[in-house]
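I have a structure here, written as structure tokens, and I will follow up with some questions on it.
Order of writing sets the chain letters: A, B, C and D. Residues in each chain are counted from 1.
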Amino acid sequence: MRKIINNPDDFVDEFVEGILLAHPTLLKTPGDDRRVLVRADAPVAGKVGIVTGGGSGHLPLFKGYVGMGLCDGVAIGNVFSSPSSEQVLKATQAVDGGAGVLYLFGNYGGDVLNFELAADLAEMEDIETLSVLGTDDVASQPHERKADRRGVAGILFAYKCAGAAAERGDDLAAVAAAAQDAIDHTGTMGIGLSPTILPSAGKPTFELADGEMEVGIGIHGEPGIHRGALESADLIAARLLTPILDDLDIASGDRIAVLVNGMGATPLEELYVLYRRIFQLTSERGLTIAKSYIGEYATSLEMAGASISVLKLNDDRLELLNAPAHSPFFREA
Amino acid sequence: MRKIINNPDDFVDEFVEGILLAHPTLLKTPGDDRRVLVRADAPVAGKVGIVTGGGSGHLPLFKGYVGMGLCDGVAIGNVFSSPSSEQVLKATQAVDGGAGVLYLFGNYGGDVLNFELAADLAEMEDIETLSVLGTDDVASQPHERKADRRGVAGILFAYKCAGAAAERGDDLAAVAAAAQDAIDHTGTMGIGLSPTILPSAGKPTFELADGEMEVGIGIHGEPGIHRGALESADLIAARLLTPILDDLDIASGDRIAVLVNGMGATPLEELYVLYRRIFQLTSERGLTIAKSYIGEYATSLEMAGASISVLKLNDDRLELLNAPAHSPFFREA
Amino acid sequence: MNTPELKTAIADGLARLSTHADELRDLDAALGDGDLGITVSSGSQAVIDALGQLDDSVSPSEVAKACAKAFANANPSTMAALVAGGLLAGSKVWSGKTTIDLTDSIDFAQAAADSISTRGKSQRGDKTILDALMPAIDALRTAPTTDTALSAAIAAAEKGVEDTKGVQSRRGRAAWLQERSIGLADPGATAFLRFLQEWKTR
Amino acid sequence: MNTPELKTAIADGLARLSTHADELRDLDAALGDGDLGITVSSGSQAVIDALGQLDDSVSPSEVAKACAKAFANANPSTMAALVAGGLLAGSKVWSGKTTIDLTDSIDFAQAAADSISTRGKSQRGDKTILDALMPAIDALRTAPTTDTALSAAIAAAEKGVEDTKGVQSRRGRAAWLQERSIGLADPGATAFLRFLQEWKTR
């Protein structure tokens, strides 16, 4: 292991404490549960609250997207594990400004069940909730089963759109619709070059030889659709991009937003090498990249690899993307 | 190798092209040399220009700190290699707004020599230059030889202070003084847990067994002052922080800025585990952290490891740190 | 069984369940994310701890509820949430009872299975815990004597687990593997089988 | 030597220098950053290419300048910058000359050494290229005949490289190693020795 940690069992509590100590003006924890973070100004009266959550080990996902113009709260699970329904409920209570709460999170069994349970509990407290699930990983299910896909880095677009919609005063149904609309027009595909080691397990989550790549990998190292010898960056860009563009039915003249995401150990330089090829490929197809994000937005601890996400744009979505947002980990001016 | 690259010889040109394609409103290249990037609005008439530069493989260092309130231009070397004097000169010409140019870069033999040569050439064109060197790595030389130390992540503070000084209209001598003042009050120490592989070399820059750590490592994997079994995050925080505080003679009541920097493959979560302990240790010493930066600011490709930088603050320095800045990789609102 | 007996039975039944943690982790690592070992070991421990806090005067239904809550929060994964939901559902059919017999156990298990199926949108044959749980319930129902019921349930669960090897996962993380999931036993079904076996030898 | 002879001599002398790239990389990896192999091989190639572009009518001084520029830009490391600066300084002492003899070569080398020492703020004994270059110049000066001068310079440089093993690096990256730098030969000094050896067998 090459980890800068103390007792692995304390890992999550300690880094969340670090986040709270570093960003006291932006984030707070309701009560004494360090597994729930909310905006420092929560609840914002009259505004729809947005709660996300999921396993740890993906920073800046999920905790990093709590802030103005983004989510209002997050429930924090152990590394790669769902938060409990109790934690989701606490986040819900803390962000409810009277206009209801949107649950926006990735499509993972444990998360779905715990958010569902939390929704039942919130209902008993007369807090209205709606749920929208991130299902952007095109490698995880065929087009016809889009709703069953895993949620990966592309949820960023949904956070940004839903967060902006909530901030401008949309009601719960409209905020949920903005989130769902973003997800409906988002596709992601990733490639893994090395596995992750969970702090508590101390061994790799999967085996991948040096010089091999797993195409379509999930952000917990879930197997993809192809394993083979590592290819050039230009070929990888095409391998990841083409299925997404096809899946979203993106055609000449369309505007898109692109997210090139590093999974942890891949240098930023390599992400820009990918972006260069993405720019060329999309130009050739007659597309315009109206917005780009290049960096680490959803990681898998120290996995080497990257993913490409595409959001098909229209004026609405572009306006929501460009709306101001501010968290310790994300900023749109 | 676990790299997303094409031909290793094209690596630098390709990622720089990616940066230009992604950020055309913020950055441009003067002429056709992709090894020189400057602010899109360069030269800013009447403003002191700041040129930095150094080897590639450290993103967001150095290219990432070209922007409003930061540097005006950068000369880009191969991976871990100096840029040429010709490239530095081109950057100098492109950013000179008539008020002279500050060279602000890390203390590495090749860089020093090439910037010196460029200064000679600039003088022949009647462009006044001054040079300030980053020398913040406390592990690389004892206190008495501070001027001979390596420059590492702490140069961020100098960029920020000098950039803000230039932006508010300080003259060349004053901008250089702001940079030197920041460097005089900055110390950094790093730890490495795994080596880097240079794209062209294809093999690790140094050997470090799994479970070992190199304390005091440089950002090219230069050996530090201690190699031993990996310790807990809390012990590492103390090992890195204490020598810096001693070196800077920081005492109870002082205000500091802290930068916890990831070297490439270390998850953000681990940086926050470190920050938590730094907060505790500095609180115990009666210090106030008035500003903190946690993330990847100066990397070594995919090295696992982290560094801690501390800037001793006074009102001036804090004001300069808080001044607005904006590049594709760094923002202060 | 009355409450004290039930508490002891559960605690004893779970005492050695964590010895199967490695097997379950490896199965889940191959088909999912590898955390089922943790869910089962930290979940059992949490239940044992919760039972230790529980007064002997509470009803069997309260015992089941406490188990559900403890298991849900220990490592809140899919299995944890489904099993906890199942235990909660079971606790409802026990409400009012002060002792528990075989029929009550069957009713409990059936309510749990129904809850898992509803919440998980899953059926027998989807390669989940239900493929061990449902045959076991059938076996309990048709067992000629109370004495042989548990052994019959174990045999049925064993066959159920074996059968999951031949099919493709249709629910949870393992479903993403599609054809590649064929050949391995379902981790959740295996976990239930190990629980029954430990229950027998407690 | 006139310009065409000089150009051929340099190109031939550098032709096989890159065969030492691995040795230099490994030495520099142990004491510095490992790029000296690249500096030397891409630098030699750049010089050879530049010479190919150069007209035979230019002066020996222009030849040296062109070499300096090519070597400086190929892989602009410390060695590249110091050597290029040295070549530029040497080119100045050749100005006005159309042919070059041994004395001219010695003057050139001395000017180069002085430039490296000034720019590098380094002296003999600091464990740098100067520890091979300066003894070699001395040997050239005191050699009894022109024929034996080169062999004497090589022998002196060899001893100089050997001597660097015993001392601590005081300049460049290797200085950061402090005591840990003792025991290994200086990479830059070794590179100069290999150059002399290749020059002899060209």
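The working rule: a contact is a pair of C-beta atoms (placed from the backbone, for glycine too) under 8 Å apart; a residue touches a chain by one contact, two chains touch by 3 or more.
These numbers were taken from a predicted model, which means no experiment stands behind them.
> Common contacts of subunit A and subunit B?
Chains that touch both subunit A and subunit B, as defined above, do not exist here.
> Could you state the distance in Å from the CA-based centre of subunit C to that of subunit D?
The computed centroid separation for subunit C versus subunit D comes out at 76 Å.
> Distance from the CA centroid of subunit A to that of subunit C, rounded to the nearest Å?
32
> Approximately how many whole Å separate the CA-defined centres of subunit B and subunit C?
Chain centres of subunit B and subunit C, defined by C-alpha means, are spaced 55 Å apart.
> When you check subunit C against every other chain, which residues touch at least two of them?
none
> Name the touching chain pairs, please: which are they?
Between chains, contact exists in these pairs: A-B, A-C, B-D.
> Can you check the complex and tell me which residues of subunit B touch subunit A?
1-7, 11, 14-19, 21-22, 56-57, 59-60, 191, 193-194, 210-211, 230, 232-234, 236, 264-276, 279, 292, 294, 296, 299, 301-302, 304, 306, 326, 331, 333
> Over in the complex, which subunit D residues touch subunit B? Could you list them?
Checking each residue of subunit D against subunit B gives 25, 29, 32-35, 38, 72-73, 75-78, 80-82, 85, 119-120, 171-173, 175-177, 180.
> Which residues of subunit A touch subunit C once you look at their complex with the stated criterion?
Contact set of subunit A toward subunit C: 77-78, 80-86, 108-110, 113-114, 116-117, 140-141, 148, 150, 198, 200-201, 205-206, 218, 220-223.
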